[in-house]
């Protein structure tokens, strides 16, 4: 894992001042290379969860299919689009900040947070509807997986709000902005998106 | 890096959204008037599409496209690893049960 | 320049605490004739149902509950002494701090089980037996933090400056002996009778006398240090005569 | 042995004699002896811990939560000696855990963060050891010591032990987050930032154990594939990582309060030869 941290030209430890974006090396890891340990590690952990889920799914495919029919594919799709769009704005925020357009970057960060909140609201609505319809964490095996996977993902999303907060703090302080920290936090936010894409296709789409 | 066309993120987003919407059509293809039916084909396609999306997110949103070769290869390896684990556990489960 | 000296006040809480602990210890009928693990459920239930025992059990354990954490100030004073030693790092005082936080909690859990058993003595004797087992096992076997703190104090003294030690060498040797005396208590679960049972020679008499001796000896050593440090200016360590090993 | 900074204070190297002679030399002269003491204690503790909990007591991987009274009673009787001997060993040595917590707290003291971080960590982990380790040992010992006990009560003890041990793993979550925050805020480069993020991964898998309070079988029960096995693998990676990182930290330590110097390549070989640590 250390290899990743040492790969490529190391960006300055404390981050570079805003004007320096043009001197950015042609090939650089966005943000701290260290964040990629988290990205790849969490991807593996989720792969383990999802692999266990898929394995057990084939044992009770009838039950899983019947329960799956109670999920709304529209809500799932909406969730995915919300997070994909939030990722788009996060990328724009990073690019604006790199170009020195901090006001623009700030508004992109706020839009990202707004879309994240919309995802949160949509998720909670979906949970509420399911619980109202009589499906809880312990109802059956499918819903155990469903609530477990969406729940642990939501926890990652909540941490994502903290990272957006860090980005906004970085953009606000004029004298010691760190593009590196902005990019590190952005990488985390995209990870939340990435994990949801996997969860979405495995909970809502597979048959 | 700055030479990148401004529309590139938007195109990425459009492709990812299109794949997401394609899922809805994929669902309909095997379901029998609202009754879900098991289908290895749909499952496999769903997993593969998820991997395509994951790689897109890595390359474009997370900007691995411009990262050193090591990280590019590592993320590609990860996509393959995730795919192998998911498909492997699915088909192993099918074979056993 | 006589000002109120907090460390001295904390130090002189020790005799008061010792009196309270000793009286609580003697008040608990299960300690004066330590209860054998080979007692049957009916005998154990009878012990708690005996009206002469019941109030003594409750009051002694309530006392222990109040004062169970009372030794922490003394341990913190020892942490302060370890901080004065000629170490490169504060790591040994951190270790001691860790023992201080963990040890009394364990004692309080044992106390809780005894009080629980005494609360409804009319309960199914099997249940009373189980609470009694939990209490005795926690009280007797869970010595890791006590062993840990003795060995850490010993190590800290051994690694101190040999010419100007905070504690003399014999204090370290003494702590090693105490730690060794506490080890058999950890193995008490293996025996329901004989010298290794929790009312036996090693886990009960040797262990509890070791704890008592440790408190007394360490108090004296600590008190001498505190007074000596005040006599020669609180912040400096006076050169002591070299201690012969 | 930091050859970078200890400089003139460092006495000439250890004698090229027996291993015992070298250990004795380090005991007297190594300026980092306190740190190495804590590090070796940590390593030894984890080794004993593994041996006791896996092969000796069979408490890990944990037995099933859905067993009947009779099966639980059989498990206790079957493992009677292993449980009592193994747990007694833990009672004797569990004090070694404080050395690990002290070393971790020291790593935070060396960072450019408030002392409050290190102290928080010590107290959090000392208290967590009570439900997270000691209650398990007490309750399993009580369950094993009387083979004739009512099976229903033995079952209660069994649930108590494993739920206290596995169900409350979440108590280690906040300690992990404290360490993470210290590492991410640190400017002295004491520990790499990726390890800070790994702390978050570890904290997030501790959360996953909580469903053990709810499920009697399946992947989320207390020996389930997700709640126990995945968690254990993550914890193993995490523990292995911090043991190696703390070792490097001790080698780099210069007893200053600025950024911790890096080990140069040749220093690295020398340092490990001096410290006599396995490579």
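Residue numbering begins at 1 within each chain, and the chains themselves are lettered A, B, C and D in the order written.
One rule holds in what follows: a residue touches a chain if its C-beta (ideal position, glycine included) is under 8 Å from a C-beta of that chain, and two chains touch if they have at least 3 such contacts.
Predicted, not measured: the structure shown is a model, and the values here were computed from it.
Annotation: A-B is the more contact-rich of the chain pairs A-D and A-B, by number of C-beta pairs in contact. Note on chain placement: the centre of chain A and the centre of chain D lie 31 Å apart, centres being C-alpha means.
Rounded to whole angstrom units, the spacing between the C-alpha centres of chain A and chain B is 15.
Mean C-alpha position of chain C lies 25 Å from that of chain D.
For the pair chain B and chain D, the distance between mean C-alpha positions equals 38 Å. Residues of chain B in contact with at least two other chains: none. Contacts with at least two other chains are made by residues 4, 33, 36, 48, 52, 56 of chain A.
Contacts between chains trace an open chain of neighbours here, each touching only the next in line. Chains touching one another, given as pairs, are A-B, A-D, C-D. If you check the complex, the residues on chain D that touch chain A are 187, 189, 192-194, 196-198, 200-201, 204-205, 207-208, 211, 214-215, 218-220, 225-226, 230, 233-234, 241. For chain B in complex with chain A, the residues that touch the partner chain are 1-2, 9-10, 12-13, 16-17, 20-21, 23-24, 26-27, 30-31, 34-39, 42-43, 46-47, 49-50, 53-54, 57-58, 60-64, 66-71, 74-75, 78, 81-82, 85-86, 88-90, 92-94, 96-97. Residues 3-4, 7-9, 21-22, 24, 26-30, 33, 36, 39-40, 43-44, 47-48, 50-52, 54-59, 61, 65-66, 68-69, 73-74, 77, 80-81, 84-85, 87-88, 90-92, 94-95, 99, 187, 190-191, 193-194, 197-198, 200-202, 204-207 of chain A are the ones that touch chain B when the two sit in their complex. Those residues of chain A that touch chain D in the shared complex are 1-2, 4-5, 13-14, 32-38, 41-42, 45, 48-49, 52, 56, 137-138, 141, 144, 148, 152, 155-156, 159. Every residue of chain C that touches chain D in the complex is listed here, in rising order: 37, 87-92, 94-102, 105-106, 109, 126-127, 129-130, 133-134, 137-138, 141-149, 151-152, 155, 159, 183, 185-190, 192.
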